[in-house]
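In what follows, subunit A forms one complex with subunit B and a second complex with subunit C.
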Partner chain A sequence: MKTVTLTLTNPSELLLEGQNITPDNFAGKKAAEIAALDVWEGKQKSPLGKYFTVEGDGGATAAETKIVLRGDCTRVKRIGQQMTAGEIVIDGNADMYIGGWMKGGKIHVKGNVDSFCGIGMEGGELIVDGNAGSHLGSSPRGEWRGMKGGLIRVAGDVGNDTATFINGGTIVIGGDADIHVSTHGEGGIVVVKGNAKGRVGGQMVKGDIYVYGTIENPLPGFSMVGEVEQEVDGETARFAHYIGDLGERHPTSKGKTVYANIYTRI
Partner chain B sequence: MSELLIRNGFVFDPLQGIKGDRMDIGVKDGKIVETSALASPKTIDAAGMTVMAGGVDIHSHVVGPKVNVGRLFRPEDKLFKSPLKRCSRMEMGFSVPSTFKTGYDYARMGYVFVNEAAMPPLHSPHVHEEIRDTPIIDNAAMPVFGNNWFTLEYLKNNEIENNAAYTAWLLRATRGFGIKVVNPGGSEAWGWGLNCVNIHDPVPYFDITPAEIVKGLIETNEHLGLPHSVHLHANNLGNPGNYVDTLESLKLAEGYAPKNDFGREQVLHLTHLQFHSYGGDSWGNFESRSKDVMDYVNTHDNITVDMGQVTLDETTTMTADGPFEHHLCSLNHLKWANVDVELETAAGVVPYIYSPKIKVCTIQWAVGLEIALYAKDPMRTFVTTDHPNAGPFTRYPQVIAWLMSRAARDATMKTFKWLDKTIDATSIDSIDRELGLYEIAQMTRAGPAKALGVTNTYGGLAPGMDADIAVYALNPEDMPSDPAAIEKAFARCALLVKDGIVTVQNGEVVAEPAKRTVWVDVKVPENAQVQRDIYEHFLRHYSVKLDNYSLFEEHLHNPRVIEVDATE
Partner chain C sequence: MPKKVENVGCPYCGVCCDDLVVTVSDDGKKILEVENACAIGNQIFHHATGGERIRLPRLRQPDGSYKDISYDEAVDYAAKVLHNAKKPLIYGFGSTNCEGMAAAAKVAEKAGAVLDNCASICHGSSFLAIFDNGYPSCTLGETKNRADVIVYWGANPAHAHPRHMSRYSIFPRGFFTGKGHKSRKIIVIDPRHTDTAQVADIYLQVKQGYDYDLFNAFRTAARGHEIPKEVAGIKREQILEVVEIMKKARFGTIFYGMGLCHSDGRNHNVDIAISLTRDLNDFTKWTIMAMRGHYNITGPGAVWSWQYGYPYCLDLTKKDIAYMNPGETSSVDLAMRDEVDAFFNVGTDAGAHFPIEAVKHLKKHPWITVDPNICMASEISDLHIPVGIVGVEVPGIVYRMDNVPIQYRKVIDPPEGVISDEELFERIHKRLCELEAEEAAKGQVKAVPEGIRAESEP
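Moving on to the complex of A and B:
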């Protein structure tokens, strides 16, 4: 695997649209060619090299390309958008849409990210050591086909509207979640290791949510059906089991109605 | 003084009966002229290419409030589908494209006239604002009458003259083009949460049947002598077994003869016939009955139809048939928008995915093509996708390829999951007919122009008509064996001249000539009762004042008025 190191030496005045910063776009390119790729500052198109110094060449394929971003990327958006393979390491914070629509590969952000990260995700891994903003692993605006697969892991807290329309894949949140978790969910797993504010699983028809702490305002559409012991993220614990959202239309499988599950730790 | 000479192309002009002769077409000051009238024209070589009049679309939902609802509530329709700026304005969206993309894409396909299929009268200012924003193509818009309280009341009392006076007033108030009828009575019944499921099902409160509404509107239309006929979206759209209702709707035209000065020969246009030609009594035994319906159409000269071809795309359905959209939403459980337009109509919008993996969708695909392939008279059967309901208009080139090539149909059918069941439920596999360029010219320009009553300006290449000329890179003497090449040629015309201005070259828009709004102004005798009725209804029932209802002149963009005198 070859490593391309981008160091932000000349920060942009406006937010930087960095959708071209992916192993797919860097693969097979020399450092100079990578520096010539387009990024947008507002509506102005400029070469990547205007803001970043580029060291190292891309690998032969995306899978053989690793990108390391250094410097303060708090205002760089869309890193790793639509990537299919390879690896990205962001040394500090990053802005919105990190790993949006990603299909494969791995992104590791060592700081915080803003909203819409992992949106429309289909595969791969997005690891955030800090906090994430709103709409983490959510569906794009208007879209009813949300996250299909992959893993998102956020060590800290997340904002609101996590995993809207989730269909598959796993989201693990180390801290607390704000309102709206897995709204309209149709599959997948969301684990909140801290507390959740409320509206957890609203209009959800299928899929699982685990909350280790408390749900401040639980929804009336969920009904407790018992207690279960389950293994979650490598550890086993006892949970109170709720099904719902009972106000919704639910699919049937083998003659049995399928419900969404919320498990709260006892 | 701008002159053009398009030389040596193979010209297909069904209005003049020209079947692929090698001819020169002269253009002077935006009109087609005899080549002898040209002094020093700029010459364009069209040797080895097909020359037709600019395309005419008789039924497409491109402007207005429900189209905009579709744009607003489907942002995902634009996601990663918005090419970077190519022309002067932003192009985006797939099934409900932006106004700019609509104009450019029609022009790239060689179309110059598009008839907006349903204008809610109350929202006509919005319709006209979007017409202004849709570049290049000329637009007309048909206000909907089939659920309008005035119309229902007049027709219930059999007051054709009063209904005609009201119709003339509304056409002027909305700068409309003709009489559109959507699910007659059914959209009004939707206000009570009901529908009119067949043509004898009375409308609640008004106590009039859809059959009486349609017959009354045909009489009104011929009483006024409008350029276009009644344009009907029949009852019970989209349901198994509805071909019975369709035949009954078509039979309503029996006994009526066209009366107009525009060369129109039909009294009823039944639109998106594909959605109305189904047999069976459930989705399980759903089947094509296109043969029954087309046998009737083929033997009755006073009817025209268009296809409403399903293109097997993810699209956005939108119609003034409010109850149907609710029904559709309960089938696919996707998002649903619904609107009631006071006293006049309703509308609904639902996204829909026509998948080659779903049996009903592939049967629908076959039904549409069967309609066009069974047509004995291509001058009465037109290419549409009921854009965007059965598919976006940008798929017309693909529809043309399917019609012109059995191999193209076979290639598509190979992708069907339920191919055998589709073949059993339809007759598409037994049809070998392949249409020629002349028939395509009939179905895409000459025929629709004639049915719309606009053949003095659109749909042909005779001297005196608008210089709207499309040139396609297809050699009729050496047609490509690969249907993809046919599709490509029709998707990006080699040349489009609009009003004498070279607008598209090699598939790229190079100019934006002024577009027009085409509307019909009917003179009727003064009618004090209708004027009083209008005043009373606005006083009692409308949420707007009469003074604010009619379109203000500033909303009307570059009008072309078709005048009709119905005072005698």
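Moving on to the complex of A and C:
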């Protein structure tokens, strides 16, 4: 695997849109060619090299390319958007859409990320060591088929609207979640290891949510059906099992109605 | 002899009353009387000729004062600001006509700007819910002629849409609703006991910020499942009673306002209201409608959706592709994140409506206001361009809150020399094209805008 190191040496005045910073776009390119790729600052299109110094060449394919971002990327959006393979390591914070519409590969952010990260995700891994903003692993506006696959792991807290319209894949949150988790969900697994504020599983059809802490305001549409022992994220624990959202439509499978599940740890 | 102009549209709220009668003086210069309008609509007409109007664009001077300049100079300044900015923001359009909005969109596209309207801080969350969940709506005429159950949720039309209740929802006698108020059940759901709540048959005082939970309870109860003893401060019996009324209605309409759009969860509150409306259609006919604020705030949604496919928060900076994602491309977010470097405030008052922090961020860059009147935004601008008042001095198409287009007329001429929004934006567009052609011909460094910006930092 070959490593390309981008160092942000000349930060932009407005936010920078770096949708070209993916292993897919860097693969098969020399450092000079990578520096010539487009990035956007508002309506101004400039070469990547205007803002970043580029060291190292890309690998032959995306899978053989690793990108390391250094410097303060707090105001760089869309890193790793639509990537299919390879690896990205962001040394500090990053802005919106990190790993958006991602299909494969791995992104590791060592700081915090802003909103809309991992939206419309189909595969791969997005690891965030800090906190994430709103709409983590959510669906893009108006899209009723949200996250389809992959793994998102956030060590800290997340904002609101996590996993809206989730269809598949797993999101593991180490800290607390703000309101709206898996709203309109039709599959997938969301694990909140801290507390959830409320509106967990609203309008949810299918899928699972695990909350280790408490749900401050549980919805009236969920009803407790018993206690279960389950293995989640490598550890086994006892959970109270709720089904719902009883206000929402639910499909039947083999003569049985399929509900969404919320498990809260006992 | 004074002239009476009949069937005049009112340029105040989303109800778009089109039955006003305006009496104009013999010389056609003064508005003498306005009949049928509410107190606020009345004031808008009288304001046009009642006092001194701004007749020329005003450019901020180094000492902080304004100096009158010609429209040509103002157009040149505006075009240069748009041309030189990396990401200008053009925002507003609550109170102008669709012709002006279309012209402004042409300018935004040419300038590579972000184009946004007041929905961004108002019913924008309704758009998000509509994208996600559809919009089982109707026209206000259908509500008037058919509805026997009316729900106002988080809306206070008694103050915000003064003639809504009398024209369309509670009081009028329609084709199938001959008994008017007597045959209608009115349900008001609001954390405050508003003046609208006073005319309600049933008033539910929902706990502030818990609308989503209450909708959830309504939906759960409508499907016949058990609900807790109390949800969002409302007793189970009351919820079940209202659900029964809703199920047994012949035709119902849920009118909702800022109470849903601007409490926690925003679009999700509207989203679940839409879901409830859809559920109720398993039993009878129910519809839902956003109580849009300004008389033509539905207009930019209609015009720009037709032009670009999105109703608001349009990022046109890539020129060949329109992009929208409220939260990122919405005005307040752009301002708070320092993502724009020029601001156009058109037919609204961002100075009064935006959070002060957002205004401070925007004030770092050129700020241009296009508005007939003096407002907070015009007073902190670098350039204020006056235009004619739509519906009073400028005719045009406006969209009522139920997406019905209405042709507005003018009753008097604008003050001498004052142009319309449409003409202003057409002229800015022409100047932008010239600037681009000049630049292409010379290949030179971008021109610096003439005129001097205000020194005052907020």
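Simple rule for what comes next: the second predicted complex is superposed on the first by the 266 of 266 C-alpha atoms of A that agree within 3 Å, B and C clash if a C-alpha of one lies under 4 Å from a C-alpha of the other, contacts with A are read in each partner's own complex, and residues count from 1 in each chain.
What we mean here is this: contacts are C-beta pairs under 8 Å (C-beta built on N, C-alpha and C of every residue); 3 or more make two chains touch, one makes a residue touch a chain.
The structure displayed is predicted, hence computed values, not measured ones.
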- request: Put subunit B and subunit C onto subunit A via the superposition and say whether they clash or fit.
  value: clash
- prompt: So, A:Arg141: does it touch subunit B (first), subunit C (second), both, or neither?
  reply: both
Field: Partner chain(s) touched by A:Glu229 [first = subunit B, second = subunit C, both, neither]
entry: neither
Query: Which partner does A:His180 reach: the first (subunit B), the second (subunit C), both, or neither?
result: second
Query: Does subunit B (first) or subunit C (second) touch A:Gln203, or do both, or does neither?
result: second
Task: Going by the touch definition up top, name the partner, subunit B or subunit C, that contacts more of subunit A.
output: C
Message: Once chain A of both complexes is superposed, is A:Glu41 in touch with subunit B (first), subunit C (second), both, or neither?
response: second
- request: Clash-wise, after the superposition, say which stretch of subunit C runs into subunit B: 134-142, 188-196, 224-232 or 368-376.
  value: 134-142
- request: Find the residues of subunit A that appear in the contact set with subunit B and again in the contact set with subunit C.
  value: 140-142, 144
Field: Contact set on subunit A toward subunit B in their complex
entry: 140-144, 249
Query: Taking the complex as given, what residues does subunit A use to touch subunit C?
result: 13-15, 40-44, 96, 115-116, 134-135, 140-142, 144, 160-161, 165, 179-180, 183-184, 198-199, 202-203, 217, 219-221, 223, 245-248
Message: Taking the touch rule as given, give the residues of subunit C at its contact with subunit A in the complex, in rising order.
response: 85-87, 111-112, 128, 131-132, 210, 212-213, 216-220, 222-223, 225-228, 231, 264-265, 268, 271-272, 275, 279, 317-319, 324-328, 337-341
Message: Looking at the complex, which residues from subunit B come into contact with subunit A?
response: 73-77, 79, 333-335
